[in-house]
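Worksheet: one structure, shown below.
As written, the chain order gives the labels A, B, C and D, with residue 1 at the start of each chain.
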Amino acid sequence: MDISKLSGVIPPVVTPLDKDKKFDKESFAKVINRMIDAGIHGVFVLGSTGSVVFQTKDNREEIVKAADEVIAGRVPLLVGCIDTQTDRVIEHIKVCEKYNVDAVVVTAPFYALDCQDNIERHFRSIREATKLPIFAYDLPVCVGKSLDRNMLVNLGKEGIIQGVKDSSGNDVNFRYLCMTNEHYGHPLRLFSGHECVVDGALISGADGVVPGLGNVDPNVYVEMWNAFNKKDFDEVKKLQDKAAREMLITACTKQDMGFGSGVGGFMTALHQMGIIKTNYLPEPTIPLDDSEAKKVAEILKKEGLL
Amino acid sequence: MDISKLSGVIPPVVTPLDKDKKFDKESFAKVINRMIDAGIHGVFVLGSTGSVVFQTKDNREEIVKAADEVIAGRVPLLVGCIDTQTDRVIEHIKVCEKYNVDAVVVTAPFYALDCQDNIERHFRSIREATKLPIFAYDLPVCVGKSLDRNMLVNLGKEGIIQGVKDSSGNDVNFRYLCMTNEHYGHPLRLFSGHECVVDGALISGADGVVPGLGNVDPNVYVEMWNAFNKKDFDEVKKLQDKAAREMLITACTKQDMGFGSGVGGFMTALHQMGIIKTNYLPEPTIPLDDSEAKKVAEILKKEGLL
Amino acid sequence: MDISKLSGVIPPVVTPLDKDKKFDKESFAKVINRMIDAGIHGVFVLGSTGSVVFQTKDNREEIVKAADEVIAGRVPLLVGCIDTQTDRVIEHIKVCEKYNVDAVVVTAPFYALDCQDNIERHFRSIREATKLPIFAYDLPVCVGKSLDRNMLVNLGKEGIIQGVKDSSGNDVNFRYLCMTNEHYGHPLRLFSGHECVVDGALISGADGVVPGLGNVDPNVYVEMWNAFNKKDFDEVKKLQDKAAREMLITACTKQDMGFGSGVGGFMTALHQMGIIKTNYLPEPTIPLDDSEAKKVAEILKKEGLL
Amino acid sequence: MDISKLSGVIPPVVTPLDKDKKFDKESFAKVINRMIDAGIHGVFVLGSTGSVVFQTKDNREEIVKAADEVIAGRVPLLVGCIDTQTDRVIEHIKVCEKYNVDAVVVTAPFYALDCQDNIERHFRSIREATKLPIFAYDLPVCVGKSLDRNMLVNLGKEGIIQGVKDSSGNDVNFRYLCMTNEHYGHPLRLFSGHECVVDGALISGADGVVPGLGNVDPNVYVEMWNAFNKKDFDEVKKLQDKAAREMLITACTKQDMGFGSGVGGFMTALHQMGIIKTNYLPEPTIPLDDSEAKKVAEILKKEGLL
């Protein structure tokens, strides 16, 4: 597939677990098939939403293999190759090369503190190690540092990276990234990780979105994308407001648990909707309890998802 | 070895690289032997200083195996089993169980955001998976969150963890950790990661220190430890001031590169002193250049280390 | 004036200085008159852009008095009563009550660390001290803490505050603030402090914007507001992209100086355009030098402002 | 008084309030006299502990006047002239010049973001405006930025500032500040704001300490200072551990309220001990309630202070 035209809605797929806390391929397939049936434009597995950093190397291969089999070429497959440093990232990319993976998604190195020069070298070293298209993933809340937008566009112009997934939470920076990218002929495909201000991201110039909530409600994002392309902004806003209300399923835990509240909310919703078998989360994350799950269910009902 | 009496100076060993950027066991042995000859009380490999997060699983085993062979039981061997989440940490611990490892050192999970409840569960799950003594490693600058001191002492009282390596940079919290630990009968061995205020940490009640600078100058820390035990505080201060001056080798890079400046400074010093073969750092970290290395050399000369 | 219908473009006016670093009323009048001629819908003086925290109590009165005289009732006048704690804020509000001030703008208390309960009490105490409409000003980058959106809407429902100026930089939170406010009957007038993603803020439901760049180019924001109300989103985006390019005048200093780069950029642009007499900034802020001013001028020329 | 020899214990005095929330001079006098009787070496009013940023300009003069009258030259009087920007700071200093004030204590400017160049200019402008000795106050938790240690020593060498009160919480930086200051002939008097690791600060080379807890228990700090000067480190540690246990009075509120928990704890302790008339805090800070005050009382009893 030609990744240089990639656009639209590419949800980051969750990684469901069975009663024994093992990867549940059957549920995983149901989540993906439901997305594709809804009209999404690509699938991103092993992102933060896909519990990537909880997976060992072997687990990851199992998940990539499963994704490849389930998707069977119907839409592009992007895989998060997210790890602490360059060599470990390359190890994951080498596994991806064995399957029908259309692009890999890579963050800056993390844990060991770094400067932008080293981050740039990280992407260059990875480019030398693979022919797969690379999306840089800007996620300061997890990684502890941001990706400089000028560095990104420069890497795009040189062909080192082919796109960016922006989850920086910095809407000003994202607009400037879009403008700079446009100024240089649009070398990068730019995707926003937003669930709640997709309308703003699209107006800013995003080529598409990667909404975790798309696991639960892929339709709202596909419809928003279509309405945006028809310039029906009243409809865009209506759908975005609905998605924002639905996104409150990620705020149902008694305390803020970060990943446990967010991905935990998605898992619990999918479990409530009967799409996956459990709402379990990988160790050491405690899943939502019954009273928290009830709150999720109430939101789903109010929005017609249950 | 009985880890419950562990005290003194336990440097976190660097992981030297050869010209091909491969692990240089010969240099690694020289660094360790020099430390043991100086009288240090234990060796900590695969810590942050040991480039742990840059290493793949296979690399890590090679390093643990080498450390075991070199140390040959002369002093306790602690190994950092540092990774993003529980299952990956356990995978590294299982490798340690094959060698003469006296304790493993484990941080809170990182990348995926978490709450203290999940962090506590992380340590409990690891305890269930191994019989090895566990040191909790508090390193918020890399991990993004701190370890609650009451949780630590509670885990100590229950036998879940056996010690703490504190690199929190929070001297008030460390004092309270020492006091609380003492109040409950000293269930935890408490080590400070300080290079520059070891005197303060020891007065606060630390059982010992884990100074990265101990790679370059193990003597100054061994002497400080001995002077402290003789209550010769004038000597303690004199030695600590000397160590602080030496520590400026980690501030010789033109820009602050974090790991690259710190561990890069240690590597360059050891290279200048002829103890290791290169000052290379693992990808993507750019090593100190010649003008930066010259600054390191000047400090070493001034302090009589070169 | 009925503040409950306030909407549109309300720039935060700069406070120009003369050669002796005294308040330059003549230049101040020119900046305001130019804005009103461009069709802006209100004027906000003594905001962060108006150097409010650099001003003594007496200076502030001079500026409020001047603003009142210059505006002469043509548009609503909002005044920042921004100070460290409640009593000092009230002191400034009492001065405002002597002039034709339509609303005061108040941040959370700062310097002494506080919790949301105390912040809420701050707004309640101020309400008891004045009859003037109050806008809460959410500016975590200066104040060090954010205003909880549920607290804000609750205070709005009770009539404690009448509006919010949001400069949180958190677009997700702003959308939820708009949605919650709408859900409860729109008790608060909601303004975004954005310069660069005004389109996104308006789609999210903002009643208007408070762009510092409106000092330099009020027209681009008035035109954007009009285009938005005509649902001409192609025009909105075109204008927003232009404003974002113009906003780069705040990134012309050799080092990032915060206020000095931002307000310094506005001052220098107005000086270059011949609207104010100097580009001086209040002590201790160093103004842009000639080479930096040249960069500002280049941007202005490219955008047809010079 | 010759501030160039200042050393020892200089508590930052609280500002007690009466039933009407007005400044209670009588209680203020009792707090100060009790400190002087205990042997402290100076008094610091209108620090963060003295609720400085809650006070209007007139209130501040009242407090300085009262301090001058009460102290009557028995010990040096330091006054916090803490405000957002240079001109406002100078306004407060001009008031100090009317009384027997031995030195003023000044933070970096705050609220408007700034760079180190502007901070340096802030201190230089203040030096031009007064002949009073100036202590730079490093308090990043309130001010939002740190004071560069090399800048501080340079300003000391030039005679711009005469001392530093360090409340940075950064023990490594404080040690380097002490060493650099020593290297250049000790131009600055260096005080630590520590309550809990005074022993470490003194070993690092501090000339003295400014402990807020000294309001409640001045003796423990005077005794610690004396023991340190006699090189009785067992006694120093014993006293420091006692002070740290007493400091837990600042952790008795149900939620962390920052200033409200800390200074609120001191106020409540003094009220429980019958030294001041209320435990009220300036608006908008909610004072400790009865259940919280009970916890404070228990700690005081355990430590023999009640």
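We take it that contacts are C-beta pairs under 8 Å (C-beta built on N, C-alpha and C of every residue); 3 or more make two chains touch, one makes a residue touch a chain.
Since the model is a prediction, treat every value here as computed from it, not as a measurement.
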Field: Any chain that touches chain C and chain B
entry: A, D
Message: With touch defined as above, tell me whether chain A and chain B contact each other through largely the same residue numbers, more than half shared, or through different ones.
response: same
- request: Would you mind checking which chain's C-alpha centre is most distant from the centre of chain A?
  value: D
Task: Let me have the rounded angstrom distance from the C-alpha centre of chain A over to the C-alpha centre of chain D, please.
output: 49
- request: Report the inter-chain centroid distance for chain C and chain D in whole angstrom, where each centroid is the mean of the CA atoms.
  value: 35
- prompt: At which residue positions does chain D touch at least two other chains?
  reply: none
Query: Can you list every touching chain pair?
result: A-B, A-C, B-D, C-D
- request: Would you tell me which residues of chain C are touching chain D in their complex?
  value: 48, 51, 53-57, 59, 82-88, 91, 109-115, 117-119, 121-122, 124-125, 141-144, 255-260, 282-286
- request: Over in the complex, which chain A residues touch chain C? Could you list them?
  value: 169-172, 175-176, 179, 194, 196-197, 199-201, 203-204, 231, 233-234, 236-237, 240-241, 244-245
